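Following are the structures in question.
Each of the two complexes below includes chain A, the first together with chain B, the second together with chain C.
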Partner chain A sequence: MSMLNYLLKRIIQIIPVLIIVSILIFFMIRLIPGDPALIRLGDKATPQMVENLRREMGLDKPIIVQYVIFMKNLLKLDLGDSLHYHVPIVDLLKKRMVVTLFLTAVTFIFSVVISFPLGFLSGIKENKIQDQIVRTAALIALSMPQFWVGLILMILFAVSINLFPVGGWGETWAQHLRAIILPAFTQSLMTAALLTRNLRNSVVDILKMDYVNFARSKGLDNKIVKSRYIIKNAMIFYITLISMRVAYMLGGSIIIETVFSLPGVGSLMISSIYTRDYAVIQGIVLIFALLVMSINILTDLAYTYLDPRVRLE
Partner chain B sequence: MSREELNSRKEIPIFKRSINLNIGILLVLIIMLPVIFPHFIATHNPTAVSFQDMLKAPSGEHFFGTDNYGRDIFSRVIWATRIDMTIGVLATIVPFIVGSLLGLLAGYYGKWVDNILMRILDIFMAFPFIVLVIAIVAILGPGIKNLYIAIWVVGWKYYARLVRSEVLVIKNSEFIQAAKVLGYTDARILFRHILPNVLSSSIVFAASDVVMCMITAASLSFLGLGVQPPTPEWGAIIAEGKAFISSAWWITVFPGMFFVIAGTGVSLIGDGLSDILRTKGR
Partner chain C sequence: MKIKLSLLLVFVLILSVFSVVSAEVQIAQQIKIGRIQDSYDLDPATTTNNANLWMFSLIVEGLVKGSNDGTSIEPALAESWDISEDGLVYTFHLKPGVKFSDGTPVTGEDWVWSILRARDTEGEFTFTAEVIEDVTAPDDNTLIIKLKEPWALFMADLAMFNLTVQKKSYFEEIGQEAYTKRPIGTGPYMIKEWEMGEYILFAKNPYYHIASLPKTEEIKFIAVPDDNTRLLQLEAGQLDIATDVPFNKLQEIDSNPKLTAMGMPSAYTYYLFFNHTRKPYDSQKVRLALDYGTDKQALVNFILFGKGEVATSFRPKSSLFYNASLKDRGYDVEKAKALLAEAGYPNGFETDFIVRSGNSVYQQVAVLLKEQWSKMGVNMNVVALESGLGFQKYRALDYDVLVGPFSDDMPDPSQQCEYYFIPENAKCASTAWAVPERAIELTQQGKREMDMAKREQIYLELQQIYYDEVPMMPLFHLPYAVAMSNDIEGFAQNPLGSYRFEELVKNIK
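Up next is the complex of A and B:
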């Protein structure tokens, strides 16, 4: 079936999941003990004030009606207002999204730049010294908690020598770039380690395949063998893994942004937990879910494009 | 080789099979020392406040220096080892058991049981692991107990998927069909024939899952949402060190080093197990 058909089919499959996810998120917030209106007003509120606010927030209506209102607003792209900042949540998220997406993009670039050559090298020199070194380094990198690595890098490159700023986002895009390097590098290590390992295993498996020997015995130059056969086949799993990791990077941004004081969506989530700004938490979790699901669909598409055997199913 | 020689060939003992496994076990044993005997290894009381000793650099008396309350960092890190390792193991075991069981049943019985499980998995797969864990902790409130609950609720999905796909492969193999023809009960087939063969990838994953849970717990404690003060925990100690990063680097650096040793040890065990398990059955 054509790509468009496949895309539509996947989107339709996603819809029931989306609905259930939205129901879950909606109820998640309502499960928090305590009356939201009371929390918002504090101790000094009179029962009358609380009642008024409840009516204003729509809390006196039956829960089904509340859910319908929630969904209607959602379709209008209205996530409500932040209880803490008193601005519409979507405005808040817009600015923060730029930071987080920038962080994720640079992390992605670092991960690929590190893992691609290392994975190849490691795979081609299977079990030789280069392979052992790379694999050991990858293993250790996977056992290091991101926030700690970030702080160590901060100590080495920002505190003792002023190569990078000690956190913060900066004002100009030049400063943004300088500020994002340490955080993105920190976050990329774990993903780079996994990708390197994955690529190495793919290359090792591919090198054993008949078609590689056949290509070489045909007299094809090694460079062509590498690019045409090895890389293309290794890419399938590599790309699938990268997109799974992008979902993880979104989650990891929560920690990295806190460590480096970056004003992104992740740090917003944490501060909202402390200020009990449940509307924001709800909105962020929803956005994450949407992003992850979209990435999954795109991955599936890429997978069908790269591996023709899948298409024939 | 003659038949007698073939039959009497001894099996390679476990400890000679994979060097990764051996190094991993060694590291984990080293880490277990502070877990079991913190009293003997720690030099000071981990919660003893001492205002004269605030923010002292590492020395003969305080191997890892002191923090802003004058507490000895070395002792705190040693006592924290027990907490972190416990969390790592306990947080993994429940999802392992529950997830594997669900995957087993879904894969074997198929049809609507499998469908429901896959839908539920789809829903959980829509969220990154940490986001969901943090969200659950945000609702339930910070603390160790809620941390466990959050990880348990989210962590089972990996095992269910792994076991289910292995079961699907094995379901149609000859020896299972033979068992069915022989009239064995479902329970017997499931637990005596299928289960032992599908668990290997889950066990290997469990090793990396222990490290992942440790990192998650440390991260949440770092954010203030996990283990609460004054309980020492590597992530929490590092968080305390963040405020003094330019003046007292030792608070941040040392707990992490312990973490890397423990994590590397467990990962090596996982690697070693995957080496062994891979060459065994095939």
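Up next is the complex of A and C:
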């Protein structure tokens, strides 16, 4: 099956999944007690005012009708207006998506840059001192809660010495870059630890394989053995894990963005849950679902490059 | 040689002049303030919630304003006024030459439109304008307001943010939705940029009617929801001022040589809300017993670190007509137990105390009260709920007891009395209290009694009734906890919460 056909087929498969996700999120958040209109108006509101606002928000209609309206707008690529801010959700998300995607991308880079050499080294030097050190460090990194690590890093590198800003996003791209380092590093620790272990185990297994010995016995340069045989084979599991972790990174942005005060989608999600802004919550969940599924497709495509035994079906 | 020497002297003179000039302290162009939450609706006629309300003193002005200590009314855009004999006609003489922040002059039509809009738009603060019958502007410097009946607190009503002057043609041009994001007024600042959920950037109003004010070019209010991050940003100099400082951090911050932390006097009070539809809270004796069995001073000492005061009356201490004769009942466990026995609960009772998330003071109150109340046999279960859910239950009268705040928005007792004594208004702060007829009468009278001495009697009596009945238990008055860099001067916030930033500056060397 050609690459294009495969791509088309996978893209079409996204649609039923998105529909199911939309149904789940739409009905589930409305099950949570808490009235967005009441929360918006506060404790001095009269019952009449709350009723009026509910009508304005479209919340007085039966739930199925609300769902149909939502889906109709979605087909027009209209996510609707935020119940809390009264602005189109796409306007709210424009800048915030940039922040979160940038955070996720830099986290991704840090995770790979940290885990790749360490995992490889650890695997090659199985059970030697380098391996022990790396594995212990990975365990420590896995056990530390992100919000605590973030806070400590801010105190050390932002308050005591002014190397990085204390949270915030900054105004120029130079400032954005400086601002994203600590949050991305904090978020990358867990993923880097998992990837390091994963790569280490793959390398250890591959080194035991007969084709590696065979390649060496043929007299091939060690560099070629490394790149063509060991790394390429280790990549399959590595990439699987990375693509799963990206989904975690998107979700984890909620914590990191709150601790570091980054104006991204995660912090918007948290505040929208508190204000019961159904429209924003639905919109963000659907976008994240779309992103995660796209990454899955890319991962599957990458497999075909790495392992010729895998065919696109 | 002589010429060189004189040149040298001249040179030295010029240098010294420069050094004198540059020794003058300069001020920062922008001041950054961190707060817990961003605003979301800045239309003065429709909005609610302190995150929105406290911004208005920067951008809009009315005929009068509350004084900086929150106890009296001062002229704002009205220089003077006359009230007719029958108390029905108020004539205001306006300051001439006032312009909106876009440079256009304020007209009589703008005044009339703004006031009628406040009256005719449904919102939480519409009550301030309900008594207005008609508004006319015979010329741009005179405004005549006719009332439906004599109204004792009309001047306090006029100090409210919804009765400020705004530009009619601008509103008609951009429409309601856009207006909530970008209102314009005559205040010292105007909104330059607003990234929703992130920050609001206020810039100096170039047409402000007091030429030397405001002193600082830009003020940026940044939303930093995490307490720790906000305080770290203040320490690192990323923020100049941080509000909503947790009380347990005030001491620590103040000991930092570069920072100052203070409690600004406020009209903010915390209460225990009792649900009168649930036993035993329908019994006055039980509520009285709980008052005796609560050591409020301990709450102030442990939670507020002493930066607060025990509340006796339900009104704040510095407020108009405060009843100073009411004595704090103190802490008397034996008396509490005796009262409980009289009420039919000799062995105490069991109850659920709802604590809403997101506020560490609520949690601490619950923990301390659980221990205190156990001494009189009241077994309290602390039920921690997410804030939206807790709020829902509270309004639906699905709770036993919980802790919550109230703060005045106007310098007059009638707002709180309206809310606490009149059953139609959300069942007396969602307590379902069976209000004595006398209290309802007094509340209605208080709004209309024009004689100040008689008016005072009314509110003194209302406070006495509240004190005797204990429908809710006032716990303590607490200040606004603010921390700022030592370079900041001129920070002013009146007890009702509105910021007075005309003189706010940050000195830089």
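By definition in this document, the second predicted complex is superposed on the first by the 271 of 313 C-alpha atoms of A that agree within 3 Å, B and C clash if a C-alpha of one lies under 4 Å from a C-alpha of the other, contacts with A are read in each partner's own complex, and residues count from 1 in each chain.
The rule is short, and it goes like this: contacts are C-beta pairs under 8 Å (C-beta built on N, C-alpha and C of every residue); 3 or more make two chains touch, one makes a residue touch a chain.
Because the structure is a prediction, the values reported are computed rather than measured.
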Check your understanding: Taking the superposition as given, does A:I133 touch the first partner, chain B, the second, chain C, both, or neither?
Key -> neither
Review point. After lining up the shared chain so the two structures overlap, which partner does A:Y85 touch, if you call chain B first and chain C second: first, second, both or neither?
Key: second
Check your understanding: Does chain B (first) or chain C (second) touch A:L7, or do both, or does neither?
Key -> neither
Practice item. Look at A:I297 in the shared chain and tell me whether it touches chain B only, chain C only, both, or neither; answer first, second, both or neither. Key: neither
Exercise for review: In the overlay, answer first, second, both or neither for which of chain B and chain C A:T258 touches.
Suggested key: both
Practice item. Examine A:M97 and indicate which partner it touches, taking first as chain B and second as chain C; both and neither are also allowed. Key: neither
Check your understanding: Taking the superposition as given, does A:S267 touch the first partner, chain B, the second, chain C, both, or neither?
Key -> second
Check your understanding: Of the two partner chains, chain B (first) and chain C (second), which one does A:P165 touch, if any: first, second, both, or neither?
Key -> second
Check your understanding: A:P47 contacts which: chain B (first), chain C (second), both, neither?
Key -> second
Study note, to complete from the structure: Going through chain A, the residues touched by chain B and also by chain C turn out to be 32, 151, 154-155, 159, 166, 258-259, 270, 274
Review point. Quick one: in the complex, what on chain C touches chain A?
Key: 40-41, 48-49, 122-124, 177, 180-181, 195-198, 222, 224-226, 228-230, 232-233, 235-236, 238, 358, 386-389, 391-395, 404, 419, 424-426, 429-430
Practice item. Please name which positions on chain B make contact with chain A in the complex. Key: 119, 122-123, 125-132, 134-135, 138-139, 208, 211, 214-215, 218-219, 222-225, 235, 238, 241-242, 245-246, 249, 252-253, 255-256, 259-260, 262-264, 266-268, 271
Practice item. Please give the residue numbers of chain A that touch chain C in the complex, ascending. Key: 32-35, 38-47, 49, 52, 84-87, 92, 95, 151, 154-155, 158-159, 162, 165-168, 258-261, 263, 267-268, 270-271, 274-276
Review point. Hey, which residues of chain A end up touching chain B in the complex?
Key: 16-17, 20-21, 24, 28-29, 31-32, 139-140, 142-149, 151-152, 154-155, 159, 166, 247-248, 250-252, 254-255, 258-259, 269-270, 273-274, 281, 285, 288-289, 292-293, 296
